[in-house]
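Order as written gives the chain letters A, B, C and D; numbering starts at 1 within each chain.
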Amino acid sequence: MSQAVAGVHASSRSGRRMALPRFHQVAAVVLVLVAVVAIAAPWLAPYSPSAQSLDQIRPPSGAHALGTDALGRDILSRMMYALRTDLLLIVPAAGLPMVVGTVVGTLAGYAGGVLDAAVRWIADVFQGLPLYIFLVALVAAMGRGPASLLVAFTALGWIVYARLVRTEVRRIKTAGFVEAAYLLGRSSPQVLVQHVLPHALKQTATYFVLDLGMALQGVAVLSFFNLGVKSGTPELGAMVADAQIFIRSSTWMVALPGAAIVVLGVCIAAVGDHLSSRTRGESDGR
Amino acid sequence: MAASSLEVEGLEVVTRAGVPILDDLSFRVAEGQALGIVGESGSGKSVALRATMGLPPAGTSVRAGTVMVGDRRVPAGSVTPAGVAMVFQDSFTSLDPTMRLGSYLAETVARHRGATIAAARSRARELLRDVGMTEPELRMRAFPHQLSGGLRQRAAIALALATDPRYLLCDEPTTALDVTLQARILALLKARQGAAGLGLVFVSHDIAVVSQIADVVAVMYAGRIVEIGPTATVIGSPRHPYAQALVAALPDLDRPGTRFLSIAGTPPDPSEFTAGCRFQARCGHPGTGCDQPLAGLDGRDHRHRSDCLHEDTHPAGRAS
Amino acid sequence: MEGSGWRLLGRRLLQVLPVLGLLLVVVFALQALIPGDPARAIAGPRATEAQVAHVRADLGLDETVTTRFASYVGRLAGGDLGESNRSDVPVTQIIGQRVGVTLSLLLGGLVASVLLAGPAALVLALRPRSRAAWVIERVLSVAINLPSFWVGLMLATVVGLRAGLLPVGGLEPGLGGHLRSYLLPCLTIGISLSPFLARSAATSLREVVASDYVVTARSVGASGTFLFRRHLLRNALPPTVTLLGFQAGALLFGTVIVEQTFALPGLGAEMITAAAQRDFPVVQGLTLVFGLGIIVFNLLADVAVSVLDPRTRTA
Amino acid sequence: MRRSPRLVATALVLAVAAATALAGCGSDGGAATADSAQKPRRGGEVTVLRSADIDAWDPDKALMIETFETLPQVMEGLVRPNPEGTDVLPGLADRWEIDAAAKTITFHLREGAAFSDGSPVTASDVAFSVGLWRKNVAYGTLYSAITGTRTPDDRTVVITMSRPSTFTLSWLANGTAVVVPKDFDGKTRADFFKNPIGAGAFEIKRYVPGQSLTLARNPHYYDPKRPYLDRLTYKVVTDPNQQLLQFQSKQAQMIESVPLDLARQFSATERHVVEPTATVHAAFVNTASGPGRDLHFREAVSHAIDRDTYVKSVFGDIASPAKGGLPTGVQGSATCGCSYDFDLAKAKQELAESSYDGSPVVVLVDSSSQITTRGGEVLVEMLKAAGIKADLQPEEGQVMFDRYSKGDYDLELAEVSSVSPSVGDIFGLVSYMVQASDKDKVITTAFDKLDVAATDTARTEATTTAEDWIGSNLPYVPIANPGRVYAVAATVRGLAVTPYLSYPADRLWTR
């Protein structure tokens, strides 16, 4: 095992240099392409996303490059428009919970005592909420639309960030450099932001990168409760969920939007990892 | 009386991208002797120590060189050559935060002496007393974050001594401490060197601290030893322009009110290392031919020498 | 376990009641806010208003929320969780019949998740620039985005139906049958959870490997599995243990997708059916069970962290 | 959870049967298949998958089709439906006489009729049961003709009625008219229905609510030859793909109400199609407020719907375009003289004449049912083509029902089904729904006529008056009569499903 640890230092000898361009560069290009397609969807899409036709559940063919769904709508067009919906949704849908969770976690971990206990209580309560009843009540209270969707994502998503950050902050709080910063007369908020938070953000960044990908599937679940995506609006997660029943008879109806979600998730993770490792100063250019 | 010694010969450390930080560095210290290595940060002095321990900093690796401990030769880069221990600069981050001091020391003693747990624990208490800790029993159960800076540094030294080393490599052990604690730690190391015949390699950026403890001093600059010799002569009459500047930078208590002298510019980045003299850019009196390839001094020969082509034309160092 | 661990456990157990109380208050509030009339849900579309009113009175739904809350808590104190409005089956019996499935899926899922995440984290942390690490990074980010119903279905179809090695779903009787039935569902949970666990562990492990105290430990001769267990693992685990605690709590309801894909009668599916039909006694009972589970799992994680890392222990 | 319509087993608003649609071939399976010639074999075991458990054993709680189907297997009623679902057959009573003048039905109990604990079924048990039926929370009103019972002797029960109702006899064949021991055999109602005994073909061997129900042959059943099976197990599997997997891996031999999207993955021999069922898939109009008050608007909506395309897109042809507003294929069914045809020009013309001001028309659907949601999307497109700005709003089950009862909608897609051999049982529900527009109670009077109709022609005539009224007033816009598919393994024989989706499990046998 210690060889393994030593290997970390001398790994340049064992790791072969990647001939092809860095994966995250490829991923970045893909994301840019996806953004372009999303923006240019109205011009690129061969059909209107909601145009129904009688040739339902057709496999990919000349007329419909990626086939048609149960209502005879062109899957390629729907996926193009879906990218537009999803790209707008997933960033806030994963971002808000991270921000709220990190701030609350940092305060709880740093202050400790009563605030820490109170945050833990609230986190336990939020995590214990009966999801179904909560979401239906949320729609009843806030009505449909992106606002209630983001409230739902935040209410359910902040907990894991708060817990992760709280543990990290409690460990870093006693670190030498934090004490030193105090000695040099920094005020508590300054210490928090400049010294404690950057460390805590490592765990958050790791989780956030994955959470972005997960947000797509979350949107599909919430659309069942009519949160956020209005019914019929093309959205990748909903397309997969709707086509689930056809998975073995007409697999492409699930596989295509599913593949899009996977590709988006992988690229986001690759670019996200690269950026976060860059900020951690380990720009090892993987 | 060839007392056995620790010899490092032809040490070469490179970054992952292949940029050499140390190329062909050699030095020697005998048992009971204290070798000081002084130089600005970034001169490669602590890299040299860590490479000797086979633990080069992250992102670098030992490409060549050998370590001789007494009569046993070990290829450089092999981890923890027997008989050699190391004390690090920031004792807070260099002690495992999850381990009580007592059990950490006892485990290390048990590993090196094959002693039973009870024997190892009593040895641990003895070590804590050796490094001057009061109420060792209380300290045994303490975690690093529960100790003050001075106590933590003593704990680090106790940990190093737990491996019964014959040579102790100290990487700026007192830098993080205030002056009074610094003096006590230096006295402690001096005592260990004398009593146990311990060979000491003491690295620091502070020439004053090194002069208090080192018999021989080597001045490092940009990965090379540029001057070496008995402490008194090197500090008394430094011959290399960089060494002279270092000594001149010391505040002179006899003449209060003199302005501090400082050396302009900053040490070169390893990627800009040249074959010739690497102090050229900051040297007060550049002569001709300074970019001829220089080899750097072999630190195993402790006679007073300087790695500068024009040393005789320079005014002698300040009369000590 | 050191004294402080027990003290933390004791202190935190005291906080279980207020948190469950708070959760119950929130649930009752939500039930008041939510559209849909439980009495009409039972009586059905054909019942006249009089009959619906009769059902409402019978279920005690005509009283105010506060009185219902008080009587619920009163009976709760006596251990009575009430009966399902739909089937008059005591809630405790419903929970009793299903809690085994949920716990089996939860524990099996976590074990699978750790078994998958462990090796992946090691490679990511100790061989960050190797080709294997590159491949694992991609596999993890693919696994995270695969809908778990698809993973479950593929496993059931390939391993269950085609190879016939394992049941495609449902719960076979007998211990052996149970184990065979839980294998694929737990693997499905493991696949969807392990990416988070692996990345969290890799991040903290990478940080520990680069830390000064590991260099010191190696300089005094610590190496091999001792170095790994005593120094690397103990310092790297806390954030991952916290995440594991969270995931365990989340799985109490979270197994619903696997319960459904493999037709396993767990608590998650019952919660959805009950909530859909506004069968509030069952919803409240299940919420208490989930709440208690979440508190206990997070508590265990925090105690484990305090044992692992003394710095987190405070007064 | 959208992808799991079956998991959210909501009591749908107006439908007794959950709505499903089928994509796949539309062959008409029907009851009489080749195997009826072979002689049924006694013994064997069958496992049936269903996507929801029975509501409860207590008939008061019966909402789902599974409950109507399973209760009589354990607690048989006086009469049982014939396979075609248009008439009644002897049950616990082997013969009966209707005295139109004295407004009574006299039932004679079978010689060997006995409960599964061996005790004989007596007239007082039946009298007690009739009392229960009349007080049933959901369906009590349908027994309104009954005024009381008389038990001249231990094996004769006379049911007295306020009017010579012939509907009542057919209604007695519905799944909730179950005969139970007098005073619940001494137990409380709740305790009795936790594990009830009955005089049906099966007795309960093991019941785990929400999971599985295992029935075993009732040793004391009055017909020694039946049930052919030794054991029948119902398993609740909500995920359609899991249903298919368990069927293909022989863990189950039959699936009730296969989701139509899944049906094409079964071979033709495995598909038992019931089409059309006694279910009407319709767009219910809010006639109390909003554009729905205007008949022209309702005409526009009706003509805007191309029912053939709708049936193909939503039900994949396992359905037929609606010919009338009331269930078909049951006693008293009739078609309206009118026609629900697709005529875009007429739709636009009717819309122009209506008071419709172009504001969005809210179309409410239950988001837990993938079929009605898909129907909503098709309906919205068709209405837009006719110039009606439709806004589809799928809602979670109970929320939809709440908005419906508060009139917070304009159109609402849902289904209405019969649960007994007679079309009459739906009249009560329809009159309740259309009360806003049925000022002069046409539906109720039509039911009264049907109730006492002695002959089939009289029944059809009564229903026709109701159909004509619906056709001309369009309180709701009938769209289709969806079909249903049962998946049956080759080894299972004797399946005969009525239009209202009940089937005598005691006639199933394995080859």
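In this text, a contact is a pair of C-beta atoms (placed from the backbone, for glycine too) under 8 Å apart; a residue touches a chain by one contact, two chains touch by 3 or more.
It should be emphasised that the depicted structure is a prediction, and the values quoted were computed from it without experimental measurement.
Asker: Grab the C-alpha centre of each chain and report whichever is closest to the global C-alpha centre.
Answerer: Looking at where each chain's C-alpha mean falls, the closest to the middle is C.
Asker: Of the other chains, whose C-alpha centre is the longest way from the centre of chain A?
Answerer: B
Asker: Among the chains in this structure, which pair is joined by the largest number of C-beta pairs in contact?
Answerer: Pair with the most C-beta pairs in contact: A-C.
Asker: Per the centroid of Cα atoms for each chain, what is the distance between chain C and chain D, given in Å?
Answerer: 39
Asker: Indicate the whole-number Å distance between the mean C-alpha point of chain B and the mean C-alpha point of chain D.
Answerer: Going by mean C-alpha positions, chain B sits 91 Å from chain D.
Asker: Can you check how far apart chain B and chain C are, centre to centre, with Cα atoms defining each centre and the answer in Å?
Answerer: Those two chain centres are 53 Å apart.
Asker: Could you state the distance in Å from the CA-based centre of chain A to that of chain C?
Answerer: 21
Asker: Residues of chain C that contact two or more other chains, please.
Answerer: Within chain C, residues 34-36, 149, 153, 157, 210, 214, 218, 222-223, 272, 276, 309, 311 contact more than one other chain.
Asker: Mind pulling the residue numbers of chain D that touch at least two other chains?
Answerer: 1, 3, 241, 368, 396, 398-399
Asker: Among the residues of chain B, which are close enough to touch at least two other chains?
Answerer: Residues 55, 58, 79, 90, 93, 97, 145 of chain B each touch two or more of the other chains.
Asker: Touching chain C in the complex: which residues of chain B?
Answerer: 50, 53, 55, 58, 79-80, 85-86, 88, 90, 93-99, 107-108, 111-112, 143, 145, 156, 159-160, 162-163
Asker: Inside the complex, what are the residues of chain D that reach chain A?
Answerer: Residues 1-3, 23, 240-241, 244, 259, 261-262, 264-265, 309, 312-313, 316, 367-368, 370, 373-374, 376-378, 380-381, 392-396, 398-399 of chain D touch chain A in their complex.
Asker: Note which residues of chain C are touching chain B in the complex, please.
Answerer: Chain C reaches chain B through residues 210-223, 230-231, 234-235, 308-311.
Asker: Quick check: in the complex, which residue numbers of chain D touch chain C?
Answerer: 1, 3-4, 7-11, 13-14, 16, 55-56, 58, 61, 63, 137-141, 190, 193-194, 208-211, 235-239, 241-242, 245-246, 248-249, 251, 368, 396-399, 401-403, 405, 428-429, 432
Asker: So in the complex, which bits of chain A are touching chain D?
Answerer: 50, 52, 54, 56-57, 70-72, 136, 139-140, 220-221, 223-226, 231-232, 238, 240-242, 244-249
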